[in-house]
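Below: the structure, in structure tokens.
Going by the order they are written in, the chains are A, B, C and D; count residues from 1 in each one.
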Amino acid sequence: MKYVIIGNGPAAIGAIEGIRKKDKKGAITLISKEPHHTYSRPLISYLLLGKTDEERMKYRPDGFYKDNGVDVMLGVTAESIDPVRQTVKTDKGKVPYDRLLIAAGSRPFIPPMKGFDAVEKKYSFMTLDDAKALSEALTPETRVLIIGAGLIGLKCAEGISGLCGHIAVVDLADRILSSILDREAAAVVEKSLREHGMEFYLSDSVEEFKGGRARLKSGKTIEFDVLVTAVGVKANISLVKDAGGACERGIIVNDHMETTVTNVYAAGDCAQGTDCVTGQSRILALMPNAYMQGECAGRNMAGEPGAFDRAMAQNAIGFFGLHMVTAGAYEGEVYFERGEGLYKKLFYRDDRLMGYIIIGDIRRAGIYTAMIRDRTPLSGIDFELICKDPSLLPFGKKRRAEMLGGVKN
Amino acid sequence: MKRVYVNEKWCLGCHLCEYNCAFSNSGGRDMATTLMGVNIRPNIRVEEGEGVCYAVSCRHCEDPLCVKGCIGGALSIEDGVIEIDKSKCIHCYTCIVMCPYGAVMPSEDGAVQKCELCVKTKKGTPACVAGCPNGAIVFEER
Amino acid sequence: MNDTVIEGQVRIPSGCAISGIFSRSGKRFSGESIIRSIEVMHDRSNGLGGGFAGYGIYPEYKDYYAFHIFYDTLKAKRDCEEFLERHFDIINLSKIPTTKVKEITNEPLIWRYFVLPLPTKLSESQLTEEEFVVKSVFRINTDIEGAYIFSSGKNMGVFKAVGFPEDVGRFYRLDEYEGYCFTAHGRYPTNTPGWWGGAHPFALLDYSIVHNGEISSYDANRRAIEMYGYKCTLQTDTEVITYIFDYLHRKVGLTLGEIASVVAAPFWQTIGQMDAPERERHEYLRNMFASQLITGPFSILVGFSGGLMALNDRLKLRSMVVGQKDDMVYMASEESAIRIIEPDLDWIRSPRGGEAVIVTLDKNASEV
Amino acid sequence: MAIEFMYPEYEVLRDPDRCIRCRVCERQCANEVHTYLPEKDRMISDDLKCVNCHRCATLCPTRAIKIVKSPHTFKENANWGQKEITEIYKQASSGGVLLSSMGNPEKYPVYFDKMLLNASQVTNPSIDPLREPMETRVFLGGKTHEIKRDENGRLIPIKRVKLELSMPVMFSAMSYGSISYNAHESLARAARELGIFYNTGEGGLHEDFYQYGSNTIVQVASGRFGVHKKYLDTAAAIEIKIGQGAKPGIGGHLPGEKIVGDVSRTRMVPEGADAISPAPHHDIYSIEDLRQLVYSLKEATNYTKPVFVKIAAVHNIAAIASGIARSGADVIAIDGFRGGTGAAPTRIRDNVGIPIELALASVDTRLREEGIRDRVSLVVAGSIRSSADVFKAVALGADACYIGTAALLALGCHLCRTCQTGRCNWGIATQRPDLVKRLNPDLGYQRLVNLLTAWNHEIKELMGGMGINSIESLKGNRLMLRGVGLTQKELDILGIKHAGE
């Protein structure tokens, strides 16, 4: 069996580990445009922050490819696939496959902005190379303008906060981290970030760049030396789309990570699957999902059936020591608790927990995540107790015996 | 594979496991001097409720969500034991969001800590098990 | 009697040599060969006791109990004879013929009586004849100071003394006796009493026992057997073993084979592997006769009317071999003791621990 | 009374350099001796409540706690000791009978400690138990020397009721109620694993333990609690309890507070009602009455089970045992004056009865003199503390021993002798659920198995040393014993010689 994997992120690594759980021998070829050993992209902000280095950023140890018998083609770009002959055409030649995984991820999306092309120092914040280039452009006096107050934009802001003089963030949304936080929660985080010297221009956008200045829709102007665009990403779907596979915003996959093209799978940020909380088909561009989709794809490619139907939004992020965790969908009734160092919202509906936002004391939040993932009926547990304090106590003896005692009921 | 299992029927809520864990992972020579005045942060924690008590520590899942979720590759499985490489942990706490048992937790320095079955202390039986006075925590194949 | 403590006052452990010769056909042979046999094992004795038992030696008095008695004093003889006359019909009495041997000293008066219980006394006692005899023997041995009956069977006799067995044999002129079975004993006691009664064989009625060993179960066996009317006055292994055999054989009615399964019982583990009926029998015997189990080293030869049995303890902690040539069966502590009298054996083997070797006279044997 | 003249008997010493305030002691002490003072970040203790059970000291992870006898003392007096004085105070304060538990702790001679064992040297070989089989299997029940044969002359085994024990030790009667469910489960499981027996005592048999019936001796005592047909049928043997070594001549009393839930159901006593076992069986006022009960029980169980009669060792024990041996009983169990109890009046416990060694020796001798030793087996109890005690008892003439206190020690008992309070910190003599759970039978039973496995090894070693490879050759083998420091009278009663003889 010949496996070909396009991509070198967590989905690709998950696929390798998934394949090898079942098939120790089949040939695996990995094609990646980036020339680097697999590394963790979210770590690039920590690299700038000095909390990690290139060595420690490696997502898997140096021997990983060799230990798993992977033939690696780094710095090679996959250009198209031929689903009939089952080959991948790359800029270095054709590679045949029996099973193909597209784990090509996404690329920055930059909306059309007047004068953008003329901005001299402009960067994205997606890759290791992006991060290195950005950091080289910074001096302690540099004023940085970040377009986008989402996860990427703000992690970038945190990452460079010690390397530059000033940071301004512009976002069209009325709050920061609009994709994961509600208004109140966002305010909590925003306050903390402002305390670290950041400026926010929300419900606003750039009308025009001119000289070292951005003029906003609201009429405000921001002077800057370096521009970072972190508005959003676009899934890399063209390989499948061109081969006639179904795509929307991402490559459509089922619970087995199969695309509509025979023997072609997709996983990670380029794939669009079902959100187990909402039931909607969407891209869940999150590392845990990417890995688990990749692993599921790998197993299925190696002939071991098994679905991954537990994809959901789940985020853990921190800025300057303020931690927040979120998961699921913010729908239904709300349990709200706010106290010293704690902001907690639990969303529940139809006898199940739908989602949560917790800022501050995030200990044991995984118990809530599991309840969302497992659709634990709230009527079967002491919900009041668990709202206050995530523990195994509300689950009852029998369930605990399964969880802690290995007892199979 | 041998794992730590907890039978709450026999848990006395004495919290010795917590102290034994904290001591074992401290690398200290003597518990009294090592833990004197220390607010311990054990990898196993006793939960208590109405007439119920039991200890919770990492289950060392076969299919561990924490490892899959770890964005930095800091968590890994070595011979079935889920270990944390603290130097690679960047304190994102994705693992905490992933763990259904609440068994992964931030340590004092911010990196996550979790039960590693005392493999790094090289004492064989995990300290919580060895010190449990009532066999409520066992280390065995199931 | 001097100041030395003797058997009965103290328990004296001893090592020994034993030998036995048996003619299946009942052909009588001289006691000379048994002397030669036991003499070979000279080093297994230390001169502090030797003795013999002969079966078929008194054919002319075969219906009478032959009492061999040591007397320390004439008074003892008088008292004893008075007792005997009151209870028995004495049809013959004589000194047992001896030869002066320089190695044998301190000899007591040694007398022999052929007797039968007085019918009136016997019926008065409401005992069996044998029981009457046993009771009388016990009474004399315990109550009449200085008198000791050391042989009380029919058509058999025990000859023993302090000295090396070969000297004892010559002393008693054993070569002048003829019988179908002889056993011999050379003693190596680890103490120095000088009492003739303490020498072996030990006999009661027709049972005579020569024994090599020192049993560990002694007091358990003694206290158990004493419940059944026996008195272990000598505190010797041989005495208690003799009583156990007498009890189990004569009173309880076990066969010699069954007795072997009691006194040298198979281990539970072995019993557990037997077929059901066999297992149940062994379980029963071990359970019911638990106190008759003998442990510790022993090899014994049990002489009885018409037969001879050899038995080792269950672990075979003492040496013993059995050989055969034609109708003759030989049993001894050492092979040399057999080869000296019959170099050309049909076979020779070493019985396993607890394995009873029983030989009896052939059906058409010439002599009983 | 305004002033109590009591001063703590023990003091809790806490090493401040070692106490890490983990508060394990506080959580584990049912007597509430230890308290944490958060404002001072200190542990304090109320010594007066301490019973010296060592739970805290044992669980303290830093060994910071020591319990010491209080040096606080009365003026020296060879006649009025601390015990005598404080007992007066207690009674003057309460007006009640003094109660205590476990066995007689007073300084009477321990004859087991004055007897030494023999070993083989040169003249006969010792036997290596690692190389040769060493048999400790014991049968309890009367023996017969009657022989039956079939037409072919083959021996027909006569069926006799009997118990087969892998070794000459059993767990003595301790009722469910006086000890906990988990203690009972530990005993039952250990008995099964070891191939021996445990005894229900007079507390009935919890239905959960019917599965251990073939290793269970059920007791029929004067209160007849928990006795019914199925109870008898389930058991391997039935024991009529006449007396108990710790309290000969008196009955028992389990207070109503302990008669709850399963204890009530198992005893067949209404919840909250006191369970009072009368001093005598009111249907046994004489030996012939005993015979009737023995045969009633045999009838009720179709002559399938051995019947034990358990008596306390009292002055004329030999004559009593002789009577029992003739009553149809299969086993006589004799409980010496050191025997344990869950609660007994102190004066009775400490002053009534005789030592088991002397009782055993005289009973064994008497039964042999009367020629009836084979009719019954003798089981002795009353402070058998080690394999050596077992060994000496067998050499004196016992068929087997009962152990109670030793078994409880194996389960964690620290002999604090406050069973009567029901606050056993070791989960043994209590019915409080939070305390009962402290005894995990998975561990408890294993410790019992370990203990007796070790004892059995030791018994085999001792046997091998004296050249005996089967326990029946030890039974009554008093030559293997020698006395040290005993008077001629004592030696005579024990039927042994003095060392050196």
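Rule of thumb we're sticking to: a residue touches a chain if its C-beta (ideal position, glycine included) is under 8 Å from a C-beta of that chain, and two chains touch if they have at least 3 such contacts.
Source: prediction; values computed, not measured.
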Averaging the CA atoms per chain, pick out the one whose centre lands closest to the mean of every protein CA shown. D
Counting only Cα atoms for the centres, state how far subunit B is from subunit D in Å. 43
What is the distance in Å between the mean C-alpha positions of subunit A and subunit D? 69
Provide the C-alpha centroid distance between subunit A and subunit C, rounded to the nearest whole angstrom. 101
Could you work out how far the Cα centre of subunit B sits from that of subunit C, in whole Å? 77
Two or more other chains are touched by the subunit A residues none
Which residue numbers or ranges of subunit B touch two or more of the other chains? none
Graph class of chain-chain contacts, one of line, ring, star, complete, other: line
Can you name every pair of chains that touch? A-B, B-D, C-D
Contact footprint of subunit D on subunit B as seen in their complex: 9-10, 12-16, 18-20, 23, 30-32, 35-38, 51, 131, 133-136
Enumerate the contact residues on subunit D facing subunit C in the complex. 120, 122-125, 127, 132-133, 135, 137, 139, 143-145, 147, 154-155, 157-158, 160, 162, 368, 371, 373-374, 397, 466-470, 472-480
Report the residues of subunit B in contact with subunit A in the complex, numbered from low to high. 3, 5-8, 47, 49, 52, 54, 56, 59, 65-66, 68-69, 71-73, 87-88, 90-102, 104-106, 110, 142
Within the complex, which stretch of subunit D touches subunit B? 15, 17-20, 22-24, 27-28, 58-59, 61-64, 433-434, 437-440, 442-443
Can you check the complex and tell me which residues of subunit C touch subunit D? 11, 13-15, 190, 213-221, 223-224, 226-228, 252-254, 258, 265, 267-269, 277, 280-281, 283-291, 293-297, 314-315, 317
